[in-house]
Amino acid sequence: MIRVGIVGASGYTGAELARLLANHPEVELTVATSRQYAGKPLSQAFPSLRGRVDLLCEDLQIADLVDRAELFFTAVPHQTAMSIVPQLLAAGKKVVDLSADFRLRDAGVYEQWYQAHSAKDLLSRAVYGLPELYREKIACTALVANPGCYPTSVILALAPLLRAGVIDPETIVIDSKSGVSGAGRTAQVGSLYCEVADGFKAYKVAEHRHTPEIEQELSVLSGRQVTVSFTPHLVPMSRGILSTIYARVNGAEPDLSELYQDFYRNETFVRLCPPNQYPATQYVRGSNYCDIGCKYDPRTGRLIVLSAIDNVVKGASGQAVQNMNIICGFPEQTGLMVVPFFP
Amino acid sequence: MIRVGIVGASGYTGAELARLLANHPEVELTVATSRQYAGKPLSQAFPSLRGRVDLLCEDLQIADLVDRAELFFTAVPHQTAMSIVPQLLAAGKKVVDLSADFRLRDAGVYEQWYQAHSAKDLLSRAVYGLPELYREKIACTALVANPGCYPTSVILALAPLLRAGVIDPETIVIDSKSGVSGAGRTAQVGSLYCEVADGFKAYKVAEHRHTPEIEQELSVLSGRQVTVSFTPHLVPMSRGILSTIYARVNGAEPDLSELYQDFYRNETFVRLCPPNQYPATQYVRGSNYCDIGCKYDPRTGRLIVLSAIDNVVKGASGQAVQNMNIICGFPEQTGLMVVPFFP
Amino acid sequence: MIRVGIVGASGYTGAELARLLANHPEVELTVATSRQYAGKPLSQAFPSLRGRVDLLCEDLQIADLVDRAELFFTAVPHQTAMSIVPQLLAAGKKVVDLSADFRLRDAGVYEQWYQAHSAKDLLSRAVYGLPELYREKIACTALVANPGCYPTSVILALAPLLRAGVIDPETIVIDSKSGVSGAGRTAQVGSLYCEVADGFKAYKVAEHRHTPEIEQELSVLSGRQVTVSFTPHLVPMSRGILSTIYARVNGAEPDLSELYQDFYRNETFVRLCPPNQYPATQYVRGSNYCDIGCKYDPRTGRLIVLSAIDNVVKGASGQAVQNMNIICGFPEQTGLMVVPFFP
Amino acid sequence: MIRVGIVGASGYTGAELARLLANHPEVELTVATSRQYAGKPLSQAFPSLRGRVDLLCEDLQIADLVDRAELFFTAVPHQTAMSIVPQLLAAGKKVVDLSADFRLRDAGVYEQWYQAHSAKDLLSRAVYGLPELYREKIACTALVANPGCYPTSVILALAPLLRAGVIDPETIVIDSKSGVSGAGRTAQVGSLYCEVADGFKAYKVAEHRHTPEIEQELSVLSGRQVTVSFTPHLVPMSRGILSTIYARVNGAEPDLSELYQDFYRNETFVRLCPPNQYPATQYVRGSNYCDIGCKYDPRTGRLIVLSAIDNVVKGASGQAVQNMNIICGFPEQTGLMVVPFFP
C-alpha cells in the first residue's frame, strides 16, 4: 500500500482520480489539495463521492505536502505545474503530471505555443506517459508527463500506420470532437448548458495547443518531421473524444486488421473494432479503453481511422493511474478494469 | 464460484447485469439468452462490453437452459416472466425476476392493473426484493421479485417516516421523474432522441402500473391501506430517477436526521444528504446508491422528501445483484461498490 | 411605428426580446444597453442575431436613454430594476419590467423574500402583467410587472379551478420543472453543461422566491389566503417549464373540459389539451403558448393539472411583448404568432 | 394565394413544411397525406401544431390529390418519390421533391448508389434546387430536386473557392456532423434517446449516398471530375449540420473575405462570419440561414472551411419553401425570415 496525493483535486480530472483510486487496492489517497474547497470534504465538491472519498481538501504549501505521500498527481493548469513539480521531485517524490508542462521535449516549441518555461532542465527527465509506446521508460522515471486527451486519441490511432510506413504523413487531416468536460469545471459562459446543448461547433481552428504534442509523437513514429491539420470540436456531451483521421495510402491497400492486431496484441486498453464497425464514445464511457476502427476507401486512396476514448479516463485520470501502476510496479490494469457504462 | 444466467440479455437491464457481473468475483456468467441476437456475441448488441462479455447469445428452451446455471435473472417483460419462472423453480433453480409478475401479493390487484395471472400459486413464495426491508426473507427464498424502479425510489424515501408514524398517509403525493432507459431498448417513436431531447412531460397520469406496488409496500409500512397520487415524468437523460414526495406531518416537526440515520444506520447503499442538501440523479449515476434528502416546511406543515437512484442499477440490475448476493450468502455489496460516475 | 429599448440586452431574455421584436411590424428597436458588450453589436453577444439585430450595445445613463424610445423593457436583475424604473416613469416612458421588483403588491412580503424595497410608492401603480387575467388594467398602466416564469405556468393552470371554487386551496401541491435558461447567462458552476446534463435535481426546496408571487395571485383568484407547497427542479434542457399541480376536489368530479374552455374561450395563447392528452415543453418551444391538460383521479379525489410554457417566451420575453402590444394598442398577438419549434 | 399540398406529412420534414407554411402569407396548405395518421389531424402527430395546422391527414390516391392543390411537396422516401412525381407532373402540377430521386443527373450514378430508377426521362427536366447556384433555372421548371442536407452545407461552403480555382479539388476532405432528426421519425433502435445521448460516432464511413450528389455539384463548380472523402457523424442534438472541410490551396493565401463576400453579396440566406469567428449550429437553429466561416493555415497550406445549417430548414423544408417561392414568383424570402432560435 503506497500513499498518494492529488494536487488540484476539485477539477474534473481530480475528482476522476479520486473515483478511480477509491477502488484501487494498492494505494491510499492521503491528501487532496484545493484552494477553493479547503477545509471541506471532497465529497462536498463532488457529492457523487459521498461515503467513498470523504477526505478533507487542504490548501497546503508543498513543504507540508511532501510528507503525506510518496507519489503525487498534479492536476493543475499548465504554468502552475512547472512551479510545483520541481519541488516535489526535489523532495524525492514521484509525479504524474496531468498538465501540458512536461509533454513537449523541445522547450522552444513549448514557448511558441504556451509561454515561457521555468523548468526546462526537467524536460529531458520527463517521460511522455503513453504506456502503449513508452512503457519501459515510464517504469524508470520519477516524472511522467501524462498525455493530452486529443493526442492520446490521435497517436494511438495512427501509431501502427506510421510505424509501418503505409501512409503519407503529409496528407494527415485530424478532425476531433470532444465532450464538454475537456473545458474543465471553470465557470465560463462558453461552457454553460444553454450555450452548448443542442449545438455543435469547432474551436481554436488551426491553433489548438495539442497540435505540437501530436506532431512531436507522430514525428517520432514516422521518423521525420510531421505537420498536421488538427481541428477540435465541441460536442454536447459530458465525456468522450472521437477523432476522425484521414491520410493517403502509400501504394496498395494495406492489411489493416493484421497491422493493428500485431501492434496492439498485448494491450489491455486498446480494443480493435471488427471490419465495418466503428468506435463510438458511448461505448468507452467511464472506462480506460481506446477503441479503434478503420477503413480504406479505394475511391480516394485514403484511409479513414477512427478512435474513441473517454477524455477524463484514458484521456486524463485513467491513463495517469495506468502510469502510476507502471511506476509503482503494480499490474498495469489494477483499478482500471471498469466496464464501459452504457447507456 | 456459482454459475448464473440471464434470460433476456439484450435489453438495457440485461446488459447492465452483464456489466456488473463482469466485475463480480464470486459468479460466472455462463448463459445469456436473446431471440434477436441468437448466435451473436452479447458485445455485438452492446459494443461497450467488447473484450469483457463476449459470451454468445442463445435462443434456448428452458429445458436446455436449466443445466447451465444455478441462478437465473429473468429480464423479460411481464407476462413472459410468469411463463418462464415456474419452470426454472421446478428445476430447482433460484430466480431473481426483474419483471412485475411476482411483486404484488394480491393476484386480484395484479389482474386489475396488468392482465390475468397464470402462476398465482407462486405469489406467496415470492419475496419482494428490497433488501433494506426484507433482507432476512430474501435470504431464505428461491424467488425474488425484484422491485420496480419507481417503487424502489419511493419506498426507501418514505419507509422511516411511515414506520415512525410521523406523516399522514392520506396526504402523500409522489411526483417522480425518470430517464429514458426506463422505457427499454424497444424501437418506438416515443423514445426517439428527437421526441425526448430538450423536452419534459408527464405520462400515464394517475394510471401507472407501479402505483399498486408502491401502495402495497407503503401500506405494510404504515399498517393501514394507503392510496397515493403518483405521476411519472420523462426526463431527457438516459439514467436516473428522482422522486419528490409530499406529505403532511402529524403533529410537530419530527427530527428528520435522527429518524433517517437510525433507520438506515447499517445500510451500505442508502446515503443520507446533510441538512439543506438534496439528492441529484447525476450523483448516483452508475452506482447502486439511493440518496435521500428531506425538508420540513413550516409554512405548509408538509415534509418534502427527495430520493435519487440510478434506475438501471438500484432500480433494476444492481438491486438484482444485491438480491443474488443475499440469496447466495455473499457479502451483500460484492461487485456493487461502483463509485458514481460524474460528470 | 414606436421606438422601444431594451435595458439589459445581453442576457437570455434580452436576446429573446430582440428575436421577437425583429419580426414585429409596429415597433423599432432603437437602443439596447449592456455594460459587458458596450460598443459591440448585440449580434456579437448572440451570433444567432447576425444580419437581423446588429444594433450596437451601449452603456448608458438613464438620462441619455430616455430620448431614444417611448417604451422600455427592463431586463435586469431584481434590485437593479427598482433603481431604474422610477426614472423611466418620471421621464414619461412606459415600462415593461421583467424583474421581480414590482410583482408583489405587499412591500412587506417583498422585503421578507427579497430585500429592502426602494420604490414602494410605485407598487400600487404597477399592474401584474398576466394578460389573461389583467388585460384591461394593463391597457391603462405605464408600468407592467411582467410575471415570473413559474408563476405564469401555475396561475394559468389553476385560475379556472380557483375561480369556480372546485378545489380545496389548502391541498395545492405544485411540482415544477424548468430548463436551464431560467438561470440566466451568468457564468456559474451550477449551470455548466457537465453539471446539468444527464441529471435531474430539485433546488431551493420550500424557499423559492416565486412562492409568494404564486400565492398572491392564487389568493386573489380564490378569494382567500392561499399557502402552497412549491418545488422547482432543474431539467437538462435549455427551455421550457412544466408544472404538475395536485389538489383535492371539493365535492364531485367537476366538468373540466367545460370549465377550462369557458375560461379560456377567447385566449389566443392558451391551448387546451384534449382529454387524456397532456402538455409537453417540446410542443410549445419558441412560442408564446401555454398548453394545459388535466385529469381527475377518482382513486384519490385529486385533480392533476399540467401546464407547459417556454420559460423564455410566455414565461418572460413573449409575455412582455404581449403586454407591450396591449399597452400600445396593437393587436395582442402581433409579432407573437411563432409556431412552436419541434423537434 | 395558391393552394399547396404535402405528400408525406407525418415525418419531420413534413411537419416542418407545415410549420413554415403556417406563417406564409401567399399560400394555403389544403392537403396533407399520411397513411399512418389518415383521418387524424396533423396536430395529433405533432402537438406543436395544435391550433395552427389542424388539417386532417388523408391517405389519398394521386388521382384524388391533384385537384386539391397547384403545387406539391413530396416528402417521401427515395424510390417512393419516383413513382409519385411523374403522375403529379402529368397532371400539370408543380413539384418540389425532397427525396434523392431527381438530384443526380446521371441515372447510372443514381443506380450505383441507390437502386434502379423508374423515371429516368424526368432527370433532365429536374433542376437541382440550390437557389444560390440555380435560381434562374428553378424559376422555369416544374420539378425541383430539393438538395440533400449534407450537400447543401458542403456545396455552399466550397462554391466560391472552386469557382475561383483557389483550391486543389483532389485534396478535399469533408467531415460532417448532423443532428438526429436527419434520421427521420422512423422507430429504430439506432435513433433512440439512450443510444445517441452523451455519445458521438461516425456512420456509413466512405459510403454515404450524399457523396455522389456532393461530387456532382463540386465537379460542375470546378469544371472537372471531383472525388472527395466524406464522413458523416451523428451528434447528440436534434437539429443542425456542421461541415468541416479541408483542402490544399493552389499557390498563395487567397483573400477569403473578398472571395466569399463577392460570391454571396446578394444572398439573403448566406451569412459570412467575421475573420476568426466560426459558425455553430445553435446560431442557425430553426432558420433558413447557412453560416460560413473559414481560415487559412499557413503551417499546412490548407484552408479549413466551416458551414452550419439547420438540416430540417435550409437542409430540407426551408429550402423547399425557398424553391416554391422562386417557382411561384413570390419574393424569395417570403415566410422564411424566422430569426434563429437561441438558446
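Each chain gets a letter, A, B, C and D, in the order it is written, and its residues are counted from 1.
Please note the rule applied: contacts are C-beta pairs under 8 Å (C-beta built on N, C-alpha and C of every residue); 3 or more make two chains touch, one makes a residue touch a chain.
Just so you know, these numbers come straight off a predicted model, no measurement behind them.
Student: Return the chain whose centre of C-alpha atoms lies at maximal distance from the corresponding centre of chain B.
Tutor: D
Student: Pick the pair with more C-beta contacts: A-D or A-C?
Tutor: Looking at contacts between chains, A-D has the larger number.
Student: So, what's the distance in Å between the C-alpha centres of chain B and chain A?
Tutor: 36
Student: How many angstrom lie between the CA centroids of chain A and chain C, rounded to a whole number?
Tutor: 45
Student: Roughly how many whole angstrom separate the Cα centroids of chain A and chain D?
Tutor: 39
Student: Give the residues of chain D that touch two or more other chains, as numbers and ranges in rising order.
Tutor: Residues 12, 181, 194-195, 197-198, 236-239, 280, 282-283, 285, 343.
Student: Inside the complex, what are the residues of chain A that reach chain C?
Tutor: Touching chain C from chain A are residues 12, 180-181, 185, 187-189, 191-198, 236-238.
Student: For chain B, which residues count as touching chain C in their complex?
Tutor: These residues of chain B touch chain C: 171, 173, 175, 177, 179, 194-195, 197-203, 205-206, 227-229, 231, 233, 235-240, 242, 244, 246, 278-283, 285, 295, 297, 299-300, 302, 304, 306, 308, 343.
Student: Contact residues on chain A for chain B in the complex?
Tutor: 12, 15, 19, 22-23, 46-53, 181, 197-198, 238-239, 271, 273, 277, 280, 282-287, 289, 291, 337-343
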